[in-house]
Structure formats: C-alpha cells, structure tokens
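Note that chain A is present in both complexes that follow, paired respectively with chain B and with chain C.
The block that comes next holds the complex of A and B.
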C-alpha cells in the first residue's frame, strides 16, 4: 500500500512537468499581453517599465526556467492584475472557499444522488423510477448557471427567503443556492450510474442466494447490492469532485461566492500569466489526487483489488 | 432585511376575514416574525417609503455594489472600482464642483506665474491624515514623484509628463527624481514647474493620480500598505475593512478637516459581475443602489411599477465612435467623402433609442456635452440624400464598385448591437456591404496596438473622460502628434487650434478655438460618432442626494452628498 502510494506520487511529477510546460507555452502564445489596453493604452516607456519589473523582457526560455525554479522553491510569483497580492496569497484566500462549496455540493450530490439511484433501481419501471429518472433528466439538462439564476429569482427575488448571494461560511443560508445549483448535476450523474450498476448487481446469483437465505430486503440491497454497485460510482465521483471544484465559476459569479473560479476568468482575460500557471498546476494536483483516492477506494469496496 | 420585505402568506387570510386578528397575531408570534403591529388602530403598520426624517447616525449606511478593487494606491489607480472608492478616501489639492468648475479642496488657493509655467499651491493649515499625521506639501511632492518612479510602473505616469523633468525620470534616463520640478517650498506650499504652458493643469491636478499617499505607511508595509489596517488616507472617508471579493467598508473619517458627511458608512458588496448580480440583490433589498442597468434588463426595469420610479439616468462624459484609418489607400475610408456619406447615412436617433433602448444618448458630434468644444449642431447636414450624393462623388454611384470594408471591435454588448445596426443601415441606404469582425477583448487590444503601424479599415471604440476638458479629448485623441486612436489623421489647422487652446488662459478664447477645431473634426470625420455614454442605475427612495458625476475625476464627494432617510 505504502509503496503503491509512493509510486503514484512519483509518477505524478512528470505529469506535473508536462502540465506546466504545455500551460506555459499556451499561456504565452495567446494573443495580447497583460497590459494591452485599448481604452487607455500605455505610453511605451511605461509598458517597458512594467515588462522589466516582471521579467517579461527576458527570452521565453529564461522565463520558463525562472518560473519553474521559483515554483519549486514555493514562490508562485506576483499577480499582474491584483498587484497588492501575490499568487500564493490569492490561492490561500480563495481556494478554501471553492473547496468548502465544492465539498458541500458533493455532500448534497451524494445525499440526493445515492438514494435517488437506489430507489430507481429497486423500484424499476414503477412510478418511483419514473419520477427519479425524471429528476435525473432535469438535473442533467439544466446547466448549473441556469439553475442558480432560477433559484435566485424564485427564492431570493420573489419569495425573499434567502439573500441573492454572498458567503458567510458553510453554516449560513447563503450556501444553499450555490450548493444546490452546483450539486444537482453531479447528484443526477451519480443516480444514473448507480441505477445502472445496481440493476446489474441485483440480477447476480449471490443476491438471489442472499434473498433465498431469508435476509431482509433492505439488508440485501444495502449490504450486498449497494456495496458492489458503488465501484463505478466511486470512479465517476472522483471526476465529479474535480469538476465541482473547478467548474463552479458561473455559479460563484451569480451568487457572489468569493471562490477561486473567478480568477480563472479574470486571469485569462487579463493575461495574468503567473495566476494562470498556478491555477493550471493547482487543478492538475487536484485531479491527480482524486485519481489516486479513487484507486484507493476500489480496495475498500472490492476485496479482489489489492495494492502491493 | 427590512420588514418591508417580510411577506407573510397568511396575511391575506387576515385581510379577507378568514382568520381573526388574534389568530393572525398568534401565528405570526409563533413563527417569530418581526412584523410590527400598530398599537391603537389595530392595523398593520407598513413603513412609509422615504419618510421625510433623516435616519439616525447608526443607520446612515449606504449599501453599494462594486467590482473587487485592485487597491487604493493613487499612484496606480486606473479603474472605476478603485477610483470610485479612492476618491472618497483621499483629497486631491483641487476638485470639481457640480458644474464641472474647479474649486479648492486640500489647497485653499493656487496661483500661476505670468509665463504659465509655475504653479504654486497653498495647502489648508491644520489638515490631518486619518492616523493623526499632519498633511503637508511634502506629502504631495513625495506622492507625485512616486507616480513617476519607473519601478512603480504606473499606467498613468503620463498624466505627470507636463511637469518639467518628469518624462526623463520615468523613462529611466535619469536615476533620481531630483530634477522633477515639484517641491515643497514650506510645510504648506507646493510648487510645480511645467515644461510648457498648460491651462488644463489644475484639472489634471484634480484627478486621482495626483492624490497623496502616506509615505510612512508605504515605506513600512510596501505594497501591503493598501490593506485595511495599514491604509491611511486624508479624505472624507477612511478604509475600515476589506474582505477580498466579499465586502469592503469605508467610514467617515473623524479627523477630516472639512464638513463631516451625514452618511457614516458605505458598505460595498464586491462581486466580479455587479452588472448581472446587483439588480436581483437590489430587488431583494440587499443593496441601496444598482450598478449600470444592462440592455437586457432595461425593458423589465422600465415596465416594473416599482423599479421604473427608482430609475435614474446620469450623463457620462464620453463618446463611442467608429474610428477609421484615414491613410490606408486600400480602404475606401481614406476618402473623406466616403466617411461623410457614412456619417450622414447613420440614423443616430435609431441607434440610441431603438438599438440601445435608450440607455445612451445619440451623438451627432464627437466631443461630448459638458466639455469645451462641444457642438450642439453638427457642421455636416443633409441626411441620406446628401450621403448618396457624396458617395457618388467619391466614385461609387448607388454603391456600385464600392470595395467594402471591415469593422472590428472588442466584444461588448453595446458594440455588438451597434455594429450590426450600422451594417444594416448602410446596406439599406447606400447599398454598400461592410463586414464585421468581433474579437475577444485581449485579442482586439493586441490588434489595436498594431494599428499604430499597420493599416486597417475601421474599428469601434469609446473614450470616457477622466476629467471634463478638451485637454482630455481633442489634445490626446486627435492631435496628429498624439493620435491616440491611430486614425493617422493630420490637419495642420486643427493642430494649431487645439494646441493654442490647450495653453490659452482666456476661457472665452479657448472655447472659440476648440469649437472651430471641432467643426473641422466633424467635417473630416476621422471618427464617426455613434452615441454619448451615460449611466442608468436604480436608487432606493430613502437614499437622498445621490448623483453620479459625469467624469471619474469629479467623483470626490459623491458619497459625502448622500443622506439616508428613515425607512
């Protein structure tokens, strides 16, 4: 187990170098620079001053080495746009918010998706199944920003039950709208996967054996059915977690959540190279971590899987 | 949340007599609601909208939307979110009154030498920074030179170039700021010497980059001096707290030298899209003012019985135009007759009222109203009939043989709408074809910068004044040496007129020169005016005295004028 983990972590290093290299050259090859500003273009000497102060006057390969060297030593550089903060500070301040919101959305997704999928499978081809699959279809076809706008319009602007947005931590009502808007889609994805795999499992011989032995229906489904049906669900959850944390930009904007999502957009439109690179690396780390966790979860779910 | 917005579903039962008042109160009390009940008459008291009485000092709070500002350091402030708050935090030496005239602020008076080169500012005695330090002329001298420091890399360093020695220091030709001709003669006297006479210099001094910084905090905290807790200012308000991307609070500065504001506090809700999020938040009573109402929302706001009454429109000094490369011989736009034809075939009222749904005003001349040189009536007239004739004189009778041209612009809702409308209008009236190219903002900016040397056809862009003066218009945008928008237009007579106008100390003569220049500009049309900018926001009825000035340089005092009435 320990050796397996060590190997996976070591393998992540070349992946990160590739991500950095691709990101670096993509970022620097997009047209326009951080200080191209059509409304108030800069005087040439001001632009020269700016470039010099951020080493952008140096050849590209030097910048590549310079940033990598700094990053390895823990400095992610200054932000060109938010000049009073450096990149590490931006990530420290806003990433936890996205993490918390993502975690809340994921908990919501699991709490809604697992029962929904299980019910649909157990009561297959009954009205329960139709309602459940109906909710799934709805959740998959409505993009999260549309859902967020709908929830804001109904529950804040019309009913005045909750504020239209803001962030005061996980224990405040403000979390509800973004949590539901972000979590609904993964919930329905989980439900869909679980329904399919549970239906397959419920037709297995060992389920029939368990039933024949006279075990209670709920026990059969939970102990023997669900546990075996969760492997594909675990695989997809790993991707969903990464998705929920990274893909919440529009919802964060609509509900005024101070998360990292907006930095993706402001950094892209502002050509804020250090922020873009740091975010690319950060999300590579998240995705690699989630993949390792998913692989480890197989061992817990399926006794046939062993890591040596 | 105020009581006004608590709606109880069972309230209608009470009104229709299905339940008694007693039952109603019981339900209400059981649910812990906060509805107040009138003592004598037994009716439910609904708070009156905008009662005449002033709210208590604790309630003198304005809730306002804003983008996350970058910082409040006058040296590098350049965007609206920073300037809006920054001008409440700092006092420049001079500012603008409601009519756009310059008036003393931190300087009680100033004088200019007869050669128009030396400006002497006399500061008010007894002014203090929010931490108690005295405000001195040395603070201003330090701050002005700091903007020019090449390592600060201020985008607005060029605003200081009229000062002698400024350019050399900013370019790095000389290493020290010793030769920059700004000095504190004594604690309360500041002197600046210019390279050439500039009648607009006092207006420049009224803008945000000329506001002072607290040297001791800057030196102690470096770039972190702008954070709440480290930030010290000399204006009517001071920074109390700043939770990035969430909320920023400024409060009245108890040490302020001038009249203390009625408003005690402004709470800025920070978001990266106030245009989209502020209207719902305003409707849910989380904000007292919205951000700019968007074209997509304007009809709903106009038709809403409540919102339509709370809507306010303010003039914003600026113009959106289609700029043309006047020297690109491959483009038909290098022929002034073609530009004139396009101008006359443009249905300006339709652009403003139909295409943009009245959020902006029609612009038939380039310089916006409020700025010297503005012409209410354009020199070119004759409409579509004259346009066809001009096109024919240019060699394209009835649009025949017209080679077409391309209009590009950086993605923006209003530009998208206008470009499509122009294409249609010119097709219908002149039978010519233009192609449209909409770009990502950064992509457009890169293209725009290349226009300085590369030929192009035309593009749409706008200019909003930093301060209302032709020095911020004609002299930057269309002086052939400056040629800010790369139209490459050259007219010796125009250059002579505006250069004389910029130095002239006689207001009447100045006006005459700029108006004559404006006539030339609007006849040759290196840029075809489209619409003048404006701002439409909703303001709650209990907010009194709120008005947005027409240029960012005049934002000082915007929050100081606001009063919150009982509600």
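The block that comes next holds the complex of A and C.
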C-alpha cells in the first residue's frame, strides 16, 4: 500500500506540472489586466513600476520558473487587486469557510444519496422508486445556481424560515440553503449510480444464499448488498468533489458566503490573474488528492483489491 | 445476375429490418409519457428560440424607465425588470441563446470528437496513447473551472483582435452577443469527453468478427470506419448527445451568471438570474421567471434523454 501510494503521488506530479503550464500560459496570454482603465489610464511610469514589481517585465519563461519555484516553497505571489494580502493569505482566509461548506454538502449528499439509491433499488418499479427517480431527475437537471435562487426565494424571502444569506459557521441555520443547493446534485448522482449498481448486486448468487440461510432482509441488503454495491459507486466521488467545487462558485455568490468560490468569481471579473492561477492549481490538487484517496478506499470496501 | 439480385433482396430485407427497428424505437419513445411531454416542451422552446425576433412583443433591450419592476399585467405578461425591459421578450430571446449554445456546442464537439475517437480506438498506437493522456490530465480539472479560465481569456482576447486570421471570429462573436466565444470555450474542452466515449466503443468493436471480416476482405480503413464502426456507435452517440446539450446549456447560464458569458444587453437566462438576485428580497419574480424557465427546459431535455435511452437501448435494466 505504501509503495502504491508513493507511485500514485509521483504520477500526480507530471499531471500537476501540465495543469500548471496550461493555466500559466492561458492566464499570461490573456491581454489586459486590472490596471486597464479606459477613463483614467495610469501614467506610463506607474504602469512600468507596477509591472516591475510583479516581475511582468521579465521574459515569460523566467516568470514561469519563478512562479513555480515560489509556489513549491509555499508563496503564491501577490494579488493584483487586493494589494494588502498575498494570494496565500487570501486562501488561508477564505478557503476554510468553503472547506466547511463543502464538507457539509458532501455529508448531505451521502446522507441523502445512499438511502435514496438503496430504496429505489430495493423497491424497484414501485411508487418509492418513482419518487426517488423523480428526485434524481430534479437533482440532475436543475443546476445549483437555479436551486439556490429557488431555495432562497421560497424559504428565505417568502417563508422567512432562514436569512437570505451570510455565514456564521456550520452550526448556524444559514448553512442550510448553500449546503442543500451544492449537495443536491452530488446526492442524486450518488443515488443514480448506487441504484444501478445495487440492482446488479441483488441478482447475485451470494445474495440468494444469504436470504436462503434466513438472514433478515435489511441485513442482507446492508451487509451483503450495499457493501458490494458501493465499490463501483466510489469511482464517481472524484466527480462529486468537482461538482462541489464548481457549485461553490455560484452558490457562495448567491447566498453571500465569504468562501473561496465567491472569491474566485470576483477574481475573474476583477481580472486578478495571480488569484485565478493559484486557485486553479489549488482545485486541481484537491481533485487529484481525492482521486488517490478514492483508489485507496477500494481496499477498505473490497478485500479482493490488493495494492502492489 | 442471379447473385446480384440475391444481394439486392438481402439488402432490402436489411433495410426493412432497420426501419422496423426505428419504428419500434419510436413507439417505445412515444410510450414513455414524460419523454413525450418533454419533447413537446422542447419543441415549443425551440420554436420560440427560432422565432424570437419576430414574435416577441418588445425588443429585448427596449427600456421603459417609467415602469421598472412592473408586476405582470396585460402589457407585460411577466412584468418588467430593473430597467423596465419586458421580461417575456427577454425570456424568449434567452431561449435563443440557450438553445444555440446547447446545439451548436454539441454539433462542434461531435464533429471533432467522433472522428478522433473512432480513429484512436481503431488504429490505437501513439495517437491513442497521447489522446488518453490528455483526457487524464483534463479530468484532473473541473470542467467548469477550465471553461471559466478559457472564457476569461476569450472575453479579453477576442475584442482585442484587430487583424489576422481570427478577425472573422471576433466579428461573429460581436454579432452573436458573445455566443461564439462561449461555444468555442465549451467545445475546446468538451470534445475530449466525446472522443473518450467513442474511442472506448471503437476499441470494443475493433475485434468483433464483422469488422475483422471486412478488413480481411480488403476493405479500406475508411470503409471500415464509416460503414461498420460509425453506425454501431450511433446509439451511444445519440444518448451522449442528450446529456451534452443540457450540460452546455447549464454551463452557458453559469458563465453568464458570473459575467463571463453573453454580453449585456443580450439576455441569457443565466444573466437574468444574476440580475434578478440583486432584487430577490423585494421583487423575486425577476429571478423566479428565468430560473423556472431554465429548470423546465433542462427537465424536459432530461426526460427526452431518458426516453431515447430506453428506446434505443431496451436491454438496459431499469
């Protein structure tokens, strides 16, 4: 397992380098910047000084190496827009909020998706299944920003059950709307995959054996069925994390959660390219790490899997 | 002569069988009630999208600053927005943006992805390895994140193009209110997914007897690819199409929502949601109307997709 982990981490390095290269050149070939102001152009001397202070006057390959060197040593450079903080500080300040919200959304997704998928498979082609597949259809086809706006209009504006937005930590009611809006799509993705996978498993001989030896129905489904059905479902966890990350862009903006997703959106409109670059890299690191963790979790779910 | 007429009979029998197959698929689709409802809704949205310049009661950018935030009445059936623009007209033009992005991007990714995937799966080799490596890397980045980066680049880059081979793209982009850039950004990443799926199918078909037989009878690669492989990947491609269109529509509305999509005053459902969010506490209709229209369209697409999947792939377990 240790050797396998080491190999996976080593394999992730070239992927990261390529992600960095693409993102770097994309960001640096984008013309213009936050200092372009058609109405009040900066003096050429000021502009030159700004460029020098951000190393923008140096050749591109030098900037490429310099940024990589700094990034490896934990410094992600200054922000163009927010001059009082560098990018690493911005991430430290805004990321934890998104991390908490993202974790809550994942927990919500699992807590809703697994029972939903299991019920749909067990009560296949009954009203229970139809309700479950109906919820899945809603979750799959309605994007998170639509879900967030609808939830805010119904539960905050009309019913006044919760405030329209803001953030006071995980234990405040304000977490509910963004959590549901971000988590619903991952939940329904999980449910859909689990339903298919569990239907397949429930036809297996060992399930019939388990039933034949007199085990209670729920025990058969949970211990023999779910456990085996979850392994293929685990492969989609990477997609779920990507969903949660991109969901945070929109939902944090709508519900005014001061997280990194909302910061990312302001950075795109404010043309804060160093922030864009750093966040793109951060998100890629999260996804790659998650994919490695998922592969490792196979061993826990399926004893047949051994890593050499 | 005898053998050729025998071949003719067999061909026409094959054609009749294929037709029966289509009819059976059509009947299965029609029996799928939600799919039929979805198809009707979709046709209406498409008609509205196509006819928007003619049938809308007002122009999408006609302002009436004396009646802003107007409630629905006989003049403005869905009310007016913050600038007194008719919401119904804007919703109808928004359908135009959503539909053109959805269908145009899908067409582009299929045109690029299907041949690439077929070739990679059938020939294998270095090209295949390279393609799969690129797919692996792109999968490490969330789709929407990559598209946001590309769109950040395009929205700054395209207007700055003054000369050179890309001028037509700039003109097209201006003429379509930014739709061309969105289609470009969505397709640049999206075709890889199509190529991956088609490649997998082609790989599986490559060793089947009928492909081997055609190849050993001396059929050219081109013949094998177009006559034997392409028809056999048609069903998965159609099913994939029903998933691609909503993905692109969601992405366009998302981009427009964060200000990287269509250029105002061109209305897009995503842009309208973003504009409506500012007034959500005082005048929620502004955000509800585009949200419901977008959700309804996407749900219809989803049902149509389900129906097609059942019709084309009856073996799949439900």
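Definition applied: the second predicted complex is superposed on the first by the 303 of 308 C-alpha atoms of A that agree within 3 Å, B and C clash if a C-alpha of one lies under 4 Å from a C-alpha of the other, contacts with A are read in each partner's own complex, and residues count from 1 in each chain.
One rule holds for everything that comes next: a contact is a pair of C-beta atoms (placed from the backbone, for glycine too) under 8 Å apart; a residue touches a chain by one contact, two chains touch by 3 or more.
Note that the coordinates shown come from a computational prediction; the quantities given were computed from them, not determined experimentally.
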| item | value |
| --- | --- |
| Clash or fit (per the criteria above) of chain B with chain C on chain A | clash |
| First, second, both or neither for A:217, with chain B first and chain C second | neither |
| Which of chain B and chain C A:23 touches, first, second, both or neither | second |
| Chain B versus chain C as contact partner of A:15, first or second or both or neither | second |
| Partner chain in contact with A:253 - chain B first, chain C second, else both or neither | both |
| A:140 touches, of chain B and chain C: first, second, both or neither? | second |
| Touching partner for A:93 - first (chain B), second (chain C), both, neither | first |
| Touching partner for A:242 - first (chain B), second (chain C), both, neither | second |
| Partner chain(s) touched by A:283 [first = chain B, second = chain C, both, neither] | second |
| Chain C region in steric overlap with chain B, selected from 78-86, 96-104 or 222-230 | 78-86 |
| Common interface residues of chain A - those touching chain B in one complex and chain C in the other | 30-32, 152-153, 157, 164, 253-254, 265, 269, 271 |
| Chain A residues touching chain C - in the complex, by the definition given at the top | 15-16, 18-19, 23, 26-27, 29-32, 125, 137-138, 140-143, 145-146, 149-150, 152-153, 157-158, 164, 196, 199-200, 238, 242-243, 245-246, 249-250, 253-254, 265, 268-269, 271, 276, 280, 283-284, 287-288, 291 |
| Touching residues on chain B, where the partner in the complex is chain A | 1, 5-7, 70-71, 73, 76, 78, 150-151, 153-155, 157-158, 167, 170-172, 223-224, 226-227, 243-246, 269-273, 276-277, 280-281, 283-286, 410, 440-449, 461-464, 484 |
| Residues of chain C that touch chain A when the two form their complex | 136-137, 139-145, 148-150, 152-153, 156-157, 160, 246, 250, 253-254, 257-260, 270, 273, 276-277, 280-281, 284, 287-288, 291, 294-295, 298-299, 301-303, 306, 317-318 |
| Chain B-facing residues of chain A, complex | 30-33, 35-43, 45-46, 49-50, 52-53, 81-85, 93-94, 152-153, 156-157, 160, 163-167, 253-256, 258, 262, 265-266, 269-271 |
